[in-house]
Amino acid sequence: MKKNKATAALLWTAGVVLLWEGVAFFLANILHDKMANAKLPYLHSIIYTIAANFSEISNAALITVSKAATGFALGAAAGIMLAVIMSISKTAEKIAFPYLIISQMIPVLGLAPIIFNLVRNMDLSRIIIAAYLTFFPVAANMLGGLKSVEPEKRELMYSYAAKKRSVYIKLMLPFSLPYLMTGLKIAAPLSITASILVDMLGSKGGIGVKLLYSLYGGEKDIFWASVLVCAAIGMLSCFIIILAEKILIPWKKTSSGGEE
Amino acid sequence: GSSSSSDSSESSSSSSKSESSSSESSSAANGKLDKMTLQLKWLPQSQFMGYYVAKVKGYYEDEGIDLEILPGGSDIIPEQQVYNGVADVGVTWVSSLLKYQSQGWELKETAQIFQKSAMLLVSKKAAGINTPADLKGKKVGSWFGGNEYELYAMIENAGLDREKDLTLVQQDYTMDQLMNDEIDAASAMTYNEYGLLLESGYKEEDLNKLDMNDYNCAMLEDCLFSTSEWLGKNKDLYVRFLRASIKGWQDACENPEEAGKIVYEADNSVSLDHQIYMAKEVAKLVVPEGFDKAKIGYIDMNAVKQTADYALKYGLLTQAANIDECVDSSCWEEAVKQ
Amino acid sequence: MMKKKSDILWPLGFGAVFLIIWQLYGFHRLLDLKPFQLPVPSEIIMTIFKNLEKVSGDCLLTVTGAIAGMAIGSAIGFAVAVTATLFPKWGYGGLTVISAFNAIPIVALSPIMNRWFSTGMGQKIGVVTVVTMAAMAINAYRGLNDLKPFSLDLMSSYAADKRTVFFRLRLPSCLPSVFTALKINITSAMIAAIVSEYFAASTSGLGFGIKDSLRKAEMAMGWSYITVSAIVGIILYLIIQAVERRAIKWHASQK
Amino acid sequence: MNNTPEITIKNVSMVYNDKGRDVTALSNVSLEIQKGEFISLLGPSGCGKTTLLRIIADLLQPTSGTVEVCGKSPREVRLEKKYGIVFQSPVLYDWRTVRKNICLPLELMKIDKAEQNNRVDALLEMIGLEKFQNHYPNQLSGGMQQRVGIARALAIQPEILLMDEPFSALDEFTREKLNEDLLRIWRKTNKTVIFVTHSIAESVFLSDRVCVLSPHPGRLSAVVDIDLPRPRTKEMRESPEFFNLVTKIRNSFEGV
Amino acid sequence: MNNTPEITIKNVSMVYNDKGRDVTALSNVSLEIQKGEFISLLGPSGCGKTTLLRIIADLLQPTSGTVEVCGKSPREVRLEKKYGIVFQSPVLYDWRTVRKNICLPLELMKIDKAEQNNRVDALLEMIGLEKFQNHYPNQLSGGMQQRVGIARALAIQPEILLMDEPFSALDEFTREKLNEDLLRIWRKTNKTVIFVTHSIAESVFLSDRVCVLSPHPGRLSAVVDIDLPRPRTKEMRESPEFFNLVTKIRNSFEGV
């Protein structure tokens, strides 16, 4: 099994690399696209850039990741809380849900000044914005999970006249865990995006700043290096959630049945 | 309206600036520095070298100021940052400031750092755009969001209709569209995008550039501003800030190489070469030929008027700006007295 | 029936109260905002009506891009989930790879897409496609694989081939997850389309309007655009929800 | 035994409505159950036994009619946590082991750890699953799952025990053993038990009274008093009285 | 009847492994089943009946030992779609109505519409759910769901019918009726049936042979030939031979 996974991962890496290099080659040498280097530079050249600027890029990445972690934690917490509140009270759901969706339509450009004005602290504002950008997938998936609890399982709790709190701790939350994990898998890479966006709200470091500078400074290689690093971190974050899922959901492991 | 504005200002000063306003007079004496924040319009780069030089060389400290420089970004609007109290003073373009003022935001321009417009319209030689009139039928890039009015002025001064005679396209802050021939002419700042074109291998002789200053359509760009209220309460602090800043700008313009290095080290963003290139170009805007560098920050009311006129003419403003209301040069005058 | 009514009345009532407070400068007082920083609803609505033609034109453009991109992105995401399901050994890697796209910010994606597509619409669809892939892939994968106990056994007892198992069992059981993904995607599609327009090589669309207006202190205009995008967003969301109600009546979440 | 009934079911009807299609599950059912009584519900599949149990347990509101338990509404009684329910399907929580599933209601009632452990150990022994206490539900056979559900209901020592076909998935021996265990517990604690089963013999062996429901719509078609002496013994199952009662119920059934 | 067995189970053992804890569900089970034979599996809860059924059906690979069906591997037979299975829990698809659930295997086998409808109508009548054919599974009682599962397995008219406690949730009358229906179908079509039940009487009534499994680990502890004449009638249930066989099996059980 382990071996299989390793070969699969290897194959995937090889596939992605080949595809990337192939398209880059196609653009540059067959289409003779003048912008080939901007559309899709060679992967090896990007990796070379990363290696050449390793300490600089890794420092920036570290800053972004640490911020992303905060944003992710807060966003996930907010998402879980909102989902729980909405599942507790239909009225709350009816009132809140449409406005949550509306809130997602307000771009940061419009929202940021209001938040700045509200909290008057750049660091706190950035954290709030990062959370705002990540909470929705978590909330939507979690709510989906909470609402999928089978009626009989709920009736059992009901028959014990269990308090809402216990119902949530003993039933709703464990039941929704797999759903939550799905939400987190989406939110984890998204929190990198959010963190990068927040980097661009006048931060001093981080991969987002690198991205902006290099984009506007015409440093294509650094730009693509930053993009690649973002993507890699995103993949890693998703992978971590998958790992956490394996540990947190032991009862799902034993599955039966085959298929042609 | 007016009552709410007064309590808003009170709470804003109490929440973020209480320290600076309360310790104002005693600060320098007991060695405690007055905190102050400056909001840049864009990323840290040599465009703002004066402040970095002053900070690194300790000019602000000498004046008893602990200055924090807030970088800008794609979702940051300096006018809002300053008005919201996130920053005390900001850097922005005059036309943009005029617009905010006309909408009721009580902001005042206090010093004009760039005396000239840095805006160019760049095209490849092959496109044959030698004068503004040649723009007819071309695809022309602009960043919009307030950056388009100089271009409008250039187009209309040449007798073209900006709606019918050419196509205006949004640029994405890179020069790729021009390089890729998706547009015929691109907006570019002398100190930034134009330099990038040169750095990416284009030769000066391969390019045509139309300079806003040459076609009488220049509008004023980087200036310093703050809220009237903050200025009222912190006049002394602000004069000290200006004094230090002017000193920084003087040093920077005298020695752009050094300034470029300082900016690069303060926040190593774009490459060192580019910072130095930018510093050199910016120096030309801050201290143009024949300009007395002791007067850095001087507000040329005629230029402000031209800026306001174009802003009105091309629809940014809906009514003529009362430019005397918008400008308060008293601090600057005091700062350059000695 | 009564329930249906309250379904609409509650949020509307809440919305009305919210708007009234806003209109009476309640939030301005609370958050210490000036009317020119955040325009009041009446002003926003008047601005919308004054610029109805332009606003609706821009709106149509953005929504078209958002929907097209979301359709393509969701389709790709779904295809990846299906591949990962049908070839569990090899396909699963695709899910992690696709999640990488979620970590590339729109600010970086937009210029890249500008290179790939010369039109604003192409760029917008490109950005939205990339942004919506992962949510669908991950949700659909869960739905396709989280089957009720023994339901797969039933299929194997009929020696059903993969195709049949997919269409008769996996597809129906993954519908609830797919709808969750669509709900997430409709919001991210709209916002991605809007933000991509900040950088697009065109001067139309809600995003361009928002950026241009807000930067120029035309708050009422900017908020008109934001309002319109929010209204459109919620309508699209409600449409998806209505389809969901019909499509998965049998599911616990619809009770 | 007291003379005021513990549970009074009066004219209860239940109509399930789904898109205009009505299914009448119960129609005008009235029944009085004394405190400490052991009542069995019998009836063809789909006649409304589960529905009636759910109405008593306040898991379902009847379309018309009332249920009173100890002079209170089922809701109040539920809130007093007097019900113990064995559902028709085991309804175990997948994420809890066997032991933890049985513990669940005890945790909810904040019973102290030591007592929890004692009770759970005793119950595990009774259902014969000591060795499987750390297994998850999906690692159990159907009958094992059902036994966990029974243990869970007994754990809280409820005053009123509602059991919906609790032994249907068990072999005859386990079933008989658990029948006896159940009677022992019932006798010791004077519970009121409402017991749904499909086994007429089982209902006779266990109950004070057997109620037979007839289907579509569910009506109470017969109530048979079981006057066999207590305690009931294995041998009684072979007695002619037992046989007569079984036949009587079987006939009241067939008369439907 | 033929002399080469239809199903040959040879030394089959099954060990479930979960995080180092082994549960031996079957140990060295060997059995030969003739074509057209009706075999019942009996045994205490958790002894491995379901496991054995799943191994025969190729839903589970034994840890050791082999199963051959018609000289082929269970896998091949499964691919030939010769199995019809009634699971211990109903396993209905929530998104399909009763009718559509029964239709499912027929759709898969691309049987033509008219024939599908005929078969489903007949089965609906047999299980007494004509009126509920357009209901969804969650609108049915437990017994009704189980009957749908039975109908679905019979719909494809499989050569080998594997039934895991199919009638456990049914009342005695419905159960007896379905017993007879099952025997009728079996006789008509000469199916091989492996039938898991907890009712000794039912197993005697239905089977040619009854196999008793003993638990932990599951072993074949007795195989009892049922030499009652065919067709079996209701009256036989009361006959002394019947009673003797039940007692014999009961004893072989208790000897465990």
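In order of appearance the chains are A, B, C, D and E, and numbering begins at 1 in each one.
To be clear about the criterion, a residue touches a chain if its C-beta (ideal position, glycine included) is under 8 Å from a C-beta of that chain, and two chains touch if they have at least 3 such contacts.
Computed from a prediction, not measured in an experiment: that's the story for all the values here.
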Chain whose mean Cα position lies farthest from chain D: B
C-E against B-C, pair bridged by the larger set of C-beta contacts: B-C
Centre-to-centre distance between chain D and chain C (centres being mean Cα positions), rounded to whole Å: 49
Between chain D and chain B, distance of the C-alpha-averaged centres to the nearest whole Å: 81
Rounded Å distance, chain A centre to chain B centre (Cα mean): 36
Residues of chain A touching at least two other chains: 35, 38, 109, 113, 117, 197, 200, 212, 215, 254, 256-258, 260
Numbers and ranges of chain B residues touching at least 2 other chains: 12, 74, 77, 80, 84, 173-174, 176, 180
For chain D, residues that touch 2 or more chains besides their own: 89, 138-139
Touching residues on chain C, where the partner in the complex is chain E: 148-151, 153-154, 156-160, 164, 168-169, 172-173, 175, 248-251
Chain B-facing residues of chain A, complex: 34-35, 38, 56, 108-109, 112-113, 116-117, 120, 122, 197, 199-204, 209, 212-219
Residues on chain A engaged by chain C in the complex (per definition of touch): 4, 8-9, 11-12, 16, 35, 38-39, 91, 94-95, 97-99, 101-102, 104-107, 109-110, 113-114, 117-118, 136-137, 140-141, 144, 147-151, 178-179, 182, 185-186, 188-190, 192-193, 196-197, 200, 208, 211-212, 215, 223, 226-227, 230-235, 237-239, 242, 256-260
Residues of chain C touching chain A in the complex: 6-7, 10-11, 14-15, 18, 31-33, 37-38, 89-90, 92-97, 99-108, 111-112, 115-116, 134-135, 138-139, 142, 146, 149-150, 152-153, 155-156, 159-162, 165, 176-177, 180, 183-184, 187-188, 190-191, 194-195, 198, 207, 210-211, 214, 222-223, 226, 229-230, 232-234, 237, 251-253, 255
For the chain E and chain D complex, residues of the former touching the latter: 16, 18, 21, 23, 42-46, 49-50, 88-89, 134-135, 139-144, 146-147, 165, 168-175, 198-200, 250, 253-254
